[in-house]
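Have a look at these structures, which come just after this line.
Shared chain: chain A. Partners: chain B in the first complex, chain C in the second.
Presenting the complex of A and B:
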């Protein structure tokens, strides 16, 4: 028997690797604390989620949309502190896990 | 749609879905500039039986900029007599000023103010109340408060 594939739909899903284990995932926890939009959505100033609206990690382990965090850090009121714990914001070097090909 | 509108829309949806904490009620949120909430301190406190109203005003960069929050003082509502609350309703609380953080929200501010009232042992006006009220700007965000005391 020969099978001919006439057409197919590829479906892909992506998520930022925030380092949070799935056990923490209550289905609504993964939002940016500043804009309250899911990490996989984009910050309120962007239209398209993805590489153009990335996340930023602090050494304190807190994660935000980069644009949201930079907007906050850019204000004098922020005193350059993490909005979550008020420690001085230090952007973490993030080692991206190697994707299998 | 401005950043503040999107964020407030989300807060409103959360309030409608999950409700508000005990003692806190949304009075009105007809637009994304001004909201009113009522605040009551439950349990055995000096404010037993009293209900207060809070007015929140947001500018278009909320939550990057803090909301202007004050107790409503008019024919219906009175401000609580508290060492950090002026009789015109202006509140001296660091989270509304130099310790504002954009991860705070309308509800988290209400909860903080609720516990500020709950921990009060004695009803007293702030020192210099009359002088402050006489010269106070209309918007409490324009006042540079000094925060001396984290205990009340």
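Presenting the complex of A and C:
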């Protein structure tokens, strides 16, 4: 018997490589701590996830949607601190996303 | 959908799905921005056996501004106003972070009940009571738990049950003998309770405050 493939639909999935281990201990998985939307989704002010709504890494290793973090850092209340550990926020060099998940 | 609304709805449903924490969050009316949080008093504290309700207001710029919380249930605690329920807790003020949630903030309130911080008080009179006599403070806090938070108050000795009329002397954390002594001089009971509470007439303080001082205050009041 011969099977002819007439057409096919490619289904791809992508994830940001956040450098985090698989599941967070609080079971909340990979969500941005500020808006609580997954990293793969976009922040509340964007419509398209992906390169239009990138992530930002701190040197402290915490990750957020860039837009969410910048909105927080823009408030006086933030004192320019990381929302997770309250250390002064220092943006890390963008890590090159590595495959291998 | 509005970012604030989306986040709050998610927080409410996460809390509903989590049965392990014994913390509940419910709507007051139709708005998801005015809520009531509830939790049990921590074990091994004067609040044990009580059930505490907290009024929650989600501000316009949440989560970039702290959520507003105050106790609805009356609480006898140095960091909670005994009159208004206002709370002194750093994360509700300048230590707020947008990664905090309604649930984690309520858990922080629960742990505030375990560890009062009398040096940063919300209610100065209660804080003085705490610092003068911790055992007397705890007895009063237990009485309040029993009277207002539905606690069984099984450890409150000789102060009457909460289902009877409330004992104003126990409420104020005073000794019956002290109140009766000044009442016997012809002063009104309510005034005596009020003045002795303000003077923090408890524990080692009693020896420091002479009767003339109390009578002076009673005449002025």
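Structural remarks
FYI, the second predicted complex is superposed on the first by the 87 of 101 C-alpha atoms of A that agree within 3 Å, B and C clash if a C-alpha of one lies under 4 Å from a C-alpha of the other, contacts with A are read in each partner's own complex, and residues count from 1 in each chain.
The working rule: a residue touches a chain if its C-beta (ideal position, glycine included) is under 8 Å from a C-beta of that chain, and two chains touch if they have at least 3 such contacts.
Predicted model, so just to flag it, every value in this text is computed and none were measured.
Superimposing the complexes on chain A yields a three-chain arrangement in which chain B and chain C clash. By the touch criterion stated above, A:35 is placed in contact with chain B and with chain C alike.
In the superposed model, A:72 makes contact with both chain B and chain C. Of the two partner chains placed by the overlay, neither chain B nor chain C lies in contact with A:91. Looking at the shared chain after the overlay, A:80 reaches neither chain B nor chain C.
Look at A:61: by the touch rule set out above, it reaches neither chain B nor chain C.
Shared interface residues of chain A, touching chain B in one complex and chain C in the other, are 33-37, 44-45, 68, 71-72, 75, 77, 83-84, 86.
Note for the complex: chain C touches chain A at residues 2-3, 6-7, 10-11, 61, 63-66, 94-99.
Those residues of chain B whose C-beta lies close enough to touch chain A in the complex are 1-3, 6-7, 10-11, 63-66, 98-103. Contact residues on chain A toward chain C in their complex (touch as defined above): 33-37, 44-45, 68, 71-72, 75, 77-78, 81, 83-84, 86.
Looking at the complex, you find that chain A touches chain B at residues 33-37, 44-45, 68, 71-72, 75, 77, 83-84, 86.
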